[in-house]
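A, B, C and D label the chains in the order they appear, each numbered from 1.
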Amino acid sequence: MQDSSVTFIGLGAMGEPMASSVLRSGVALTVYNRSRERAAPLAAAGAKVADSVAAAVTPGGVVITMLANDAALLDVTLGGSGVADRLGAGGLHISMSTVSPETSRHLAAEHAKRGSLWLSAPVFGRPEAAAAQKLWICQSGTAEAKARAKPLLEAMGQAIHDFGEEPGAANVVKLSGNFLILSAVEAMAEALTLAEKSGIDRQALAGFLGQTIFNCPIYQNYGRILAAQTYEPAGFKLELGMKDVRLVRDAAESATVPMPLADLLHARLLTSLAKGRGQLDWTAIEMVSAEDAGKRA
Amino acid sequence: MQDSSVTFIGLGAMGEPMASSVLRSGVALTVYNRSRERAAPLAAAGAKVADSVAAAVTPGGVVITMLANDAALLDVTLGGSGVADRLGAGGLHISMSTVSPETSRHLAAEHAKRGSLWLSAPVFGRPEAAAAQKLWICQSGTAEAKARAKPLLEAMGQAIHDFGEEPGAANVVKLSGNFLILSAVEAMAEALTLAEKSGIDRQALAGFLGQTIFNCPIYQNYGRILAAQTYEPAGFKLELGMKDVRLVRDAAESATVPMPLADLLHARLLTSLAKGRGQLDWTAIEMVSAEDAGKRA
Amino acid sequence: MQDSSVTFIGLGAMGEPMASSVLRSGVALTVYNRSRERAAPLAAAGAKVADSVAAAVTPGGVVITMLANDAALLDVTLGGSGVADRLGAGGLHISMSTVSPETSRHLAAEHAKRGSLWLSAPVFGRPEAAAAQKLWICQSGTAEAKARAKPLLEAMGQAIHDFGEEPGAANVVKLSGNFLILSAVEAMAEALTLAEKSGIDRQALAGFLGQTIFNCPIYQNYGRILAAQTYEPAGFKLELGMKDVRLVRDAAESATVPMPLADLLHARLLTSLAKGRGQLDWTAIEMVSAEDAGKRA
Amino acid sequence: MQDSSVTFIGLGAMGEPMASSVLRSGVALTVYNRSRERAAPLAAAGAKVADSVAAAVTPGGVVITMLANDAALLDVTLGGSGVADRLGAGGLHISMSTVSPETSRHLAAEHAKRGSLWLSAPVFGRPEAAAAQKLWICQSGTAEAKARAKPLLEAMGQAIHDFGEEPGAANVVKLSGNFLILSAVEAMAEALTLAEKSGIDRQALAGFLGQTIFNCPIYQNYGRILAAQTYEPAGFKLELGMKDVRLVRDAAESATVPMPLADLLHARLLTSLAKGRGQLDWTAIEMVSAEDAGKRA
């Protein structure tokens, strides 16, 4: 069964192009965003714009959410006139935000109580990838939820990677991925500082790495940014990176897994926030490495 | 000018296939190794086997060294009847070992005193890559040294990356690369431990990462090893990894560059050595993550 | 004005001797504890034992709480028939538990809404010190609250140290103190492992330190425990130490203060919990140092 | 047997008052220092001033050395016309400098070859303590060396603590002590930064700690400095602290003992050196904590 009408809530830098992909796939789409102006391009392309969460959701239908953090997702889902109660029996909630596994487990249970399905389906990719339907999607949840979500996820991503039934699993994978990316950034930052103070050209080192042992986009793109030390405009804001590393640490503590590298990243991010860099790109943690080595006084 | 006769010293797991590549390129090769039996395959392929360093080196000729560590290189080069004195005026020493930038600077100066050239040319790649002439080579030194070494390096590697005139620069690049690789290992180790204790299949997570955001050999190959937790036989021994991270820390201290991630890697390696794992693959630092999380009691 | 009748809630290892001190000072004391048997010695000494929080609290009176954690304090204070509502106008709540500054700020505001006073007054000292009226008490809150609490605090402690008006300040001091103590434990643990593996007697080193540069009880008492490596019975359980370090990290993140040493302690504690050591004394974090050095396989 | 004539080499901030104590005890003292002017007060008090190490040392006599580092001690002892050869059979070398255990082991063996005794006897205490004969002395070496050194050590210190026969043991104890002191500094630095950003007076917190749970000189004196954030003039220069922590890390690596807290201290010191603070007091590592929290921009 393919759902003929679908609701998309959360039209931020990622949500807007994702909703656009769904719309282009031929689905009748209703959208909702707290600040309504974000919905204009979608409206122009044929989406129906709702004035409230309650008005946006069809009982028994499908809701996709792409929100800023756990608090926003919990509020939209369980708050007054929220998604969970409106969706009710027979509904499906596809949660694509980067949130904690705990929140997913909690909301999956709340939906189950009401007879509706839950699918955790966070994504990897920048806004450009979202616009090009090139996201990588991780999913976890019930087989029934996955089957029903499939055509919608295929409209947004280039591949769907499955991590089983446990609702929080896909969230752990998403958090792990962001942890790995920022770890690579920290490693490059330290190496570039060492290289520069040893008289080596930053671009030369970053270029070499991206062409040889680390010939993949993360090292190539972030390597270029780190070599140039240009952290504006932000592709992904440092303060959002902090939110994600905080979620990693929370998940690690819940699972009783010491992660000293996550602690190091957290310290770098917290130092960066203390220095007023929350709006820079998250690769700006490099500035701490440089400063600790006596550069950029 | 192409050198018609060349000496290769150090026929270990890397040196032997590298010497073999030089031999195949048509150069008349003399080889030397402390334990002579390592030279047998090269002798069978036409190399001349020398009984001592002194006998191996032709005054004014070219010597390539691929040795285990700084001490071995210093001994072979400056010890009695060593490379430096034998080579003398007009010679070229291509040093391909992973050693400290300080050792390279020191030996470059010693060769200069004697009228011979020095080229630092460490490599990236496993023995299989060496056998297939697919190494990545970093070089730094004088233009004259580079010009003369070029055909020999091309016989061994798929590409030569230049890092300027300063003799230690290529060594810093090599050390940085190994630091980055082991940083990626540590990050994957922590993420896989978190994933496993969260009920996620290790292979599934490693496979996903290698196919998506980290689609490069380091993450794919090491990800496979880390997911399977099989650390024998060693591709690169942990005790050699320790040597390299020690050199990274020494270089960082010399350059006054704090590298907290290098300190973390050092602690992982030292713990591993204390537990008797020096002969395992260096990815076995993962076992510390697992143990700290209460696995593999 | 001295309060002639007072309520004490929470009769754990610390609360019981503290309540006993108050009782001995001549105050008519009503006590409450979730498991009633803990109240027996106090009842025998003349205290009135209440069956519920509601029954224990006198409107407009004084309540002292000494509870296990933030959740317990929040529940007793704001839960149904809780302290805040029962106490009402004219009351005073002296909170002596180790809780977060945030909880204190929140509860101070809740009491203010109801016209009652709040005093944060956490303590340092072991149960023996509590029994001997030798606790060190840190306080923060309004002048009015301090004046009224004074005779009660004097009945329990050897000194009252004032940290101003802000309700959370005394909690930050208490958390800082526990952070400093566990930092000293970690430092001694690492030094003793180094000493032992260098052939030095653990007792000799610990004894020397406690007699010379660190001649204070923390180093003397914990030094003795760490030298002997005997972590049972627990003077202060490791799982409670984890709770406190978690509160330190939360406070640090709220105040945007990177604390890498707190991160290290957290990792030690989390490793210890993963290995099933939550019921041992918190000095048992030493076992991780020893194991990482290849001891106690 | 008491030695009637003794040589003291190294008249720095510590050595000068130590030599003065020996002189006051009635021993005929010959002194030597690289820059001769440091010897003037001792000459005025009756010491004989030598022009060279060779002239200062009496064959078969006693030499006490108090030098800046391993290199200086090795040079004075084993260099041309050095202590070891001059002292010869029947001599005793009491080494009081803060050096590596490895250097002590090496020099003990060199003296043994020549038939002379070696005693490692590093000290704890500031110059004021040295002037007042209040140093704490740690010793390790042969029983014969200890017996002969006893009256001299008693002339300098308030107590002698014995750590057995192994020459390096006393050095490990000295390094451990300095590691513990700087660990306490780091812990206080982090706590004071947290306190200040939480609105708490730095002096109030430092004063409280020094009067209660940490009522010992290290916390009292360093707490006062850290609260005031005044790092000049230096009581003990940061660059010397770096030397000591480097020796701790070397000893830890030799003994295969991971010491993550030593790594943290090293990073703090290296950052401080990179920022040009080598001449400040070593407590100035606090500035990194403050800066990372956005203070002292």
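One rule holds for everything that comes next: contacts are C-beta pairs under 8 Å (C-beta built on N, C-alpha and C of every residue); 3 or more make two chains touch, one makes a residue touch a chain.
Remember, predicted model here, so these are calculated numbers, not experimental data.
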Pair joined by more contacting C-beta pairs (C-D or B-D): C-D
Distance from the mean Cα position of chain D to that of chain A, given in whole angstrom: 54
Inter-chain centre distance, chain B versus chain D - centres from mean C-alpha coordinates, in Å: 40
Residue list for chain C, restricted to those that touch at least two other chains: 252, 256-258, 260, 264, 267, 270-271, 274, 292-294
Chain contact graph, described as a line, ring, star, complete graph or other shape: complete
Partner chain B, residues of chain A touching it in the complex: 101, 124, 136, 138, 159, 161-164, 166, 168-169, 172-173, 176-177, 179-181, 183-184, 186-188, 190-191, 193-195, 197-201, 204-205, 208-209, 211-219, 248, 251-252, 255-262, 264, 289, 292-294
Touching residues (chain side chain B, partner chain C) in the complex: 267, 270-271, 274-276, 288, 291-294, 297
Parts of chain C lying in touch with chain A, wherever the complex brings them together: 246, 252-253, 256-258, 260, 263-264, 266-267, 270-271, 273-274
